[in-house]
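Both complexes shown next keep chain A, but they swap its partner, so chain B is in the first and chain C is in the second.
== the complex of A and B ==
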């Protein structure tokens, strides 16, 4: 059972803010989702390798050959702010 | 109370591939921001990563050089955190099935050889770089974002700052040897986080702290020494160590706690489904193994066996690949390994130490260097002249043929007996007392005459001929 504290922790880690009412709603939705997912645990997966995609052979990987990058203008096009060719972010405090 | 220090390392090394790890943008150290970027490495929605084969190959290469086991199936995870250097808000890394497992590197310590175990080596993408703007705010450059990194994680097998330094120096030399990284700390292509804890003899491990922002090997050494002292003081005064990440301030020579406990990072690793797991066949590993050069130890052994060099000399010559390659080049041109080794061990090494930079740069080439040695061996120039010539070649002119240089610098040895005899006769005439001393068997007086002849010939006289002449005339 997911607790309010866990929801708060996850929202903090995800940088999403909720008021108390929203938190309660999220909690019940969260429960419903987790219950659905929990049903998968009823399957016996003993001895089955986790497979979310079929693997690729190392020989099939991309060759190390340079291709042109995107124009910087295009790279910065959607940035809310940029300066001297760099994205601008609020001051970062360690 | 004396505590034992327990030290473990996480070493990040940028790989020297042509392209980034998940896109075909150029992998280069560049000061102009955001010019090697594309939708993949700036994290635009919908952009899909394509793994660089070379990066996997280099990780395997590092693993083989460090005696690791190579995973037959390697997988990718997302490490989630919010920071502007990470445009996707997650870093693609490896947790469950890294490329290399286990392994070790042997280092020399005061108590003999010691194996430092490697826990694993994994591949990941580098983050972007933040620069502070003079107008406030932070500027973000993603040229470095997506550059392939390997993280080498050791077991906590190191027990002092000195030992850690030896390990890092050996590791750097090894990675440069196998050509997977430049390992330039000042450009950030080699970075290292250090975990330190203390324990009493026979007791379990203590609580550890992690130190970040170590920009040089010297800083690593200072930070470890500082941290051991700090923890010792806390424990001795009955306090407790807090598990935390600390930031080293090299200018102030102290570290600061970076994050309080309640903000402890939770990276919420989960599978990166944009990237398929990669199967690594034993055939591929075998092919990579074939590209490995002789490693320092094997190469030193070869020098001892083939060239009859002392073990110590062979070890010094092979400690850096630039030096070892130079030695090999010289030996191929001039068949006197002992003489080449002696000159490299003394004069060349001294010059390198004088201009200490992270990368060893040799201004002289093997062709002219060995020509100089040959001139000396053939008695065309004597020892002091050879040293003068070497200095000149190193600092001023490494291009001109030494045969021409010795003419230009007037260094050719005088071996002509007639000429030397005349010079010596004059000196004997002017120093009758010293001449009597020699006749009386005074060895010091012989040295006096040799010195005087050298002075008169500006150091160019053949010392052997001069000695013979003194014997003859007195």
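== the complex of A and C ==
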């Protein structure tokens, strides 16, 4: 059973915060999902290869050729803040 | 006029019996009358009329026009449209305006289609009800107290209510087929890799697939053909042959082998769905099809596999939303890390947060082998089960969903429906093959019920021929 502390730890790693009420709700839904997921253990997968590749034959790597990129100014219009052609983030080092 | 099918309106446009401007305005009027459905996040009215006039003018001058020339279509709001907001029905992307078109949108525009609007959806395509949308639920056109299904709920309600002639959606665990079934539309999940996802805002990259939602099977085949094809910008794009999907109107079910997973029929709780599925299978049997009940024991594990791999990939894909490069940024933060926390906490809805947590749980040290790798192994078993089944049959048929649409205000009974509605559709995403949902009847309450026809990988031609024949037999 997943504990509140475990959920707090994962939410911290996920960069998401919950208040106490939300945490309790999340815990109960999390438990329901884990119960579903744990059913996978009913199947014997000894010697079964995991699926890593898409089902159809695809070429994994393309030629490394430089092509025009998207327009920088246009992209920056979607940024919450930008300055001098760069994304603006809060100061990290004074 | 808005009630015509896609092929019908294209025929009228070609003969100049109707102008594209008239077709667009007819749909716009109908959108206005159906605002209560909440099917659309954005209506591209002015641009659509302008574009329609241009196409009408080109046609009048006798210039060559594309195969979809002048037909207004709706696009799910997780597919990037240049200059048109693309929000994923999330607060996180309320102000996001893509600077490029998704490949599928490029392909539609190359055929002179008109983008009429962007469809409401479950937030970041996570859900089967459209209840998790930041802009509120989509109402089912057949009964406004019921859900549209999801996550492509707006796309399916739009087609069902004749707001446009066809729509695009995306299907990761059933997100096209399930709402199509709930709304009485035709919905297709093409073979994984045959329709480019470049420009689709990623949910779970191993399963995401774009597909069409239409009023009939012929339109679905036509749209699938247009959006399919190799694209170097999607690294799992299929490089081989893409067969013609033109419908064989002479197709017969005689001697066709139809597999029916018997575990699925046992799972059916809803009497209406059970009765209609049985009735339609009998109908196909009368047409000469050989119905083979087969045991496919691993399919019921598709949902747990989907939860593990789907959430893990969603957690990774949604890691990019950090309040820095694009999307929502909280205005109240102390430092960089706090900005990440606040932006993500305020920008994502509850269902999205839960899935990110489940995903990161499955990916974390100590759980990776027990959950992630285990799920990948079960994925292999599910694929093998489909491969073995298709050695014995040509197509597999199931109901699309175990119940018809449930109420927007969930009561006890409906709460259960919400969690099992992907049980028949998710196995197809796990295995990567193709499937279509076709309307098959109505429940005692008058809600649509769909039949799912599952084909092997790249088996779209047979799938559409059979679905078309089924549609015709029903009529």
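One rule holds in what follows: the second predicted complex is superposed on the first by the 84 of 94 C-alpha atoms of A that agree within 3 Å, B and C clash if a C-alpha of one lies under 4 Å from a C-alpha of the other, contacts with A are read in each partner's own complex, and residues count from 1 in each chain.
The rule is short, and it goes like this: a residue touches a chain if its C-beta (ideal position, glycine included) is under 8 Å from a C-beta of that chain, and two chains touch if they have at least 3 such contacts.
Since this is a predicted model, take the numbers as computed values, not measurements.
When the two complexes are overlaid on their common chain A, residue A:64 makes contact with chain B while staying clear of chain C.
In the overlay built on the shared chain, the residue A:89 is in contact with chain B and with chain C. In the superposed model, A:72 makes contact with chain B only, not with chain C. In the superposed model, more residues of chain A are touched by C than by the other of chain B and chain C.
Applying the stated contact rule after C-alpha superposition, one finds that A:48 touches chain C and leaves chain B untouched.
Using the contact criterion defined above for the overlaid structures, shared-chain residue A:7 touches chain C, although it does not reach chain B. When the two complexes are overlaid on their common chain A, residue A:15 makes contact with chain B and with chain C alike.
Residues 13, 15, 50, 52, 54-59, 62, 70, 75, 81, 87, 89-90, 92 of chain A touch chain B in one complex and chain C in the other. Contact residues on chain A toward chain C in their complex (touch as defined above): 2, 6-7, 10-11, 13-18, 22, 25-26, 29-30, 33, 36-43, 45, 48-52, 54-60, 62, 70-71, 74-75, 77-81, 87, 89-90, 92.
Across the complex, chain A is touched by residues 95-97, 99-100, 191-194, 206, 232, 235-240, 298, 301, 303-305, 307-308, 315, 322-329, 333, 335-337, 339-342, 344-345, 348, 350, 353-354, 356-358, 360-362, 364, 371, 373-381, 383, 431-433, 457-458 of chain C. Chain B meets chain A in the complex at residues 17-19, 24-26, 32-39, 42, 50-56, 73, 80, 82-84, 130-133, 135-142, 247, 258, 266, 268, 271, 273, 275-281, 284.
Touching chain B in their complex are the following residues of chain A: 9, 13, 15, 50, 52-59, 61-67, 69-70, 72, 75-76, 81, 83-92, 94.
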